[in-house]
């Protein structure tokens, strides 16, 4: 028995679920979890099925599913049940990094942290402690192209599935974003987007006097802080919170939000729908 | 085109979804929302499908579905898209009553409040204002049997789908509970059950010094405050809250929790699973 | 015995609390609740004291307090324990209005709703039911000056303490805002400001694909949706929520947020601190 | 300049705040934060003041304050601004331990973790990594007295201020509880007390079908899971959560709740009021 995952999207019509589940039943698969949703504003159908296969593996089933996919003009993919290979980019703040490493180590997140890249040497002991290869690659204006090329080489050499910006204080160039492609990079922004995009969001929030502060995990696109939002969370604050205290509170929210977003991604629960996400929890 | 709802439960096995959706596709129905879940602890499969039927009505489809149901040993029902007929029982506190009437009146809850019964005359003006038939039936120890008989007669005469205890401070007798049957009565308890069951829960919560207080909506069974929980919510409090202030805070939580539970019921989203609920939101 | 409230602000220095509480103790007052906070970014001290006076009334105490106030260069006010006189402006959506009227009627909000003004006749039955004077004053581009003059006359004639925009879909002119003055008008905006200011915020939120939607209660200034924020709240949503469903969810958040803001104001818990608020809960 | 903290409780009467703040002002202290509250059910006044002293230290001020304390029959204490010395007891689950060590290391919690005791050897590498002395003391029925004696010796030898049971799966004997005294031990219980006290609370919660699960941090008394509650938090769950998933969700809640409780304690924000707490946040 193998646990597998099927994700698909196609124009909505009658009979999709019947055909999809028919293909699974014919090939001796038992559905464990199934989610589907139609965006009626653009008539697009989204579906995720987790199932146990008793006869075939994910390569076989990907082939067997082709005829259904063709019939309904689907984009689809069958995933095997393996850990997502993650590359973490991080700057000085280590709270998100530590949390992801801990959750990976006790199997509460289905990811393998394959490598850590930082522009701060202070991160190295953490990487060593979790026995993850570490690359200290300083990032300056003058070496940006080289540094990004190194990241991209590592990405390819290590067959990375997902790049996580775990409080990485450098903006990826549009060129690198394009080369990595859609749904390949998750960032955590330390504000409740779209409020307070850009730099120093907690300072901005303090100046505005908001009563809740938040954090946002989103896919990275070539437009800064504007990619599809995956997850958000907020916490109540009041007038007495200084920017420093907002930053301290924010660390916990960022940690939570990023861990959730990485989980949804690693469990193949997220679809891109225009510049928004569909997340089957 | 008619919007219909199918709910079913059966022992889990391969092919259920395929057969269910096959029956719907063959009979020219388009699935709008579909939820399913298997309780692996007792191998029971639960499913709810909302769909648009272009050819048949709910009576036809109930017949057409019989063969699938037999094949999988299902308990099932097809619901038409009509408002749930509700009888509200209420004592002196009117906040839940007013909220339900308001949500019914502006169609944000799919219910018809068919009648209101109270053991307090003070409720009558509210009923009048919403033009709902009102019955002032005092409840004392000596007339309990008669009062409950009157409620049951009203329940039958008006083809009530659901009885809502909207802060009704009388305990229904086991006899009445049994006659009404399972999934027929929703109560809101003013605590975070199973803590503080029985009377004066806010006083109990205050004595214990809890830091969150809550409310619970549950189906009524013949065991007091022990029926399947449908929905719960809490709010943060602190040492400075008196029992009176807890009661005031609690009113808002009770209102929210009861409205949600009634919605889930009226939209056929709830299943009983032993003494728990499955709620497809 | 009379319950009174003292609010004050002044430059921070040593000895303020000692002098304030000394004045109260000397004049036979017992402190029931006391809050103070210093904004170290502008060295301003804020204080609110609720106390029971056994000898003097609020006019006496206001005089008796003058010497302490002078010593510390304070702005201060002593409030008697009476209900805040409220004028509600409302358009078609009645959920906030109904909630405020209900909370006023059962004394869970310390306000008197003195009058209701609407540009929609449909609001009249609600006003009648709660026996509140109602004024149907249509608002068009051509009669804006006259309509606002009428509002201002009513405000003065009825000694209104607070104007509440309970989903009032007209923008008050800068001229009227200036005449009413600071801290005189509370508005509820149906978004989590500063995101989605302006019109159709739920439509904007839907387009952006945010995972939490919110509402904001703030004091009105002559800059649209930019006055000091008093209270905010959010609720979790997901991809499946249509703009219509966001609007329905939002109604409950708006209701909650506005009721809280009105309570804080009516209990003299709010101070303006630059363009932010200090709220002593 | 030294930051100091004064906490006191006494029977409520007129003039307390005036006298307390008078003593501080006379001795050249500037109040930074002040909280007070009267429990009118037992007429007890509680106060916490954080202040900057420009002339005296905490020993001086403790003496200088004695006359005020005598006048009002106060229990009081002046604390210097130093880190709380913490002894952590932990069993196999390391999530709370790691979180406390991380927050201590980056100064977001004002504690020094002086030693870690565990009945599981697997905890040792974590202690080593944070350079905290570690004691592997297995706990069996037959050696309980000796093991507790060793803990108590360590407690005394290291001048421990606070013992934290960070998921310590052994029940402290009433004898040890008594020797440590009130407000000396904080435990995190993995349920929303008073529901599901005792063992396997997540299993209990699953059986009951609650819709929110929680965790509770409380002071330990000789009665199991019944000491004064300091902090609680909950998270929404649904029918689909297995006991294993509840445990995983619960880990995050336990971590959050325990860190908050330790902070409140270390910042001298907690008072015992009968079997409840007063927490000035």
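Chains here go by letter, A, B, C and D, matching the order in which they are written, and residues are numbered from 1 within each.
As a working rule, contacts are C-beta pairs under 8 Å (C-beta built on N, C-alpha and C of every residue); 3 or more make two chains touch, one makes a residue touch a chain.
This is a predicted model, so every value here is computed, not measured.
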{"item": "Relative to chain B, chain with the most remote C-alpha centre", "value": "D"}
{"item": "Winner on C-beta contact pairs when B-D is weighed against A-D", "value": "B-D"}
{"item": "Numbering shared by both copies at the chain C-chain A contact, with half separating same from different", "value": "same"}
{"item": "Intercentroid distance (Cα basis), chain D paired with chain A, Å", "value": "37"}
{"item": "Chain B and chain D, separation of their C-alpha mean positions in angstrom", "value": "41"}
{"item": "Numbers and ranges of chain C residues touching at least 2 other chains", "value": "37"}
{"item": "Chain C partner contacts - residues on chain D that touch it in the complex", "value": "13-15, 17-18, 21-22, 24-25, 28-34, 36-38"}
{"item": "Residues of chain D defined as touching chain B within the complex", "value": "37, 39-40, 192-196, 208-212, 214, 228-234, 238-240, 242, 273, 275-279, 281"}
{"item": "Residues of chain B touching chain C in the complex", "value": "95, 98, 102, 108, 129, 248, 251-252, 256"}
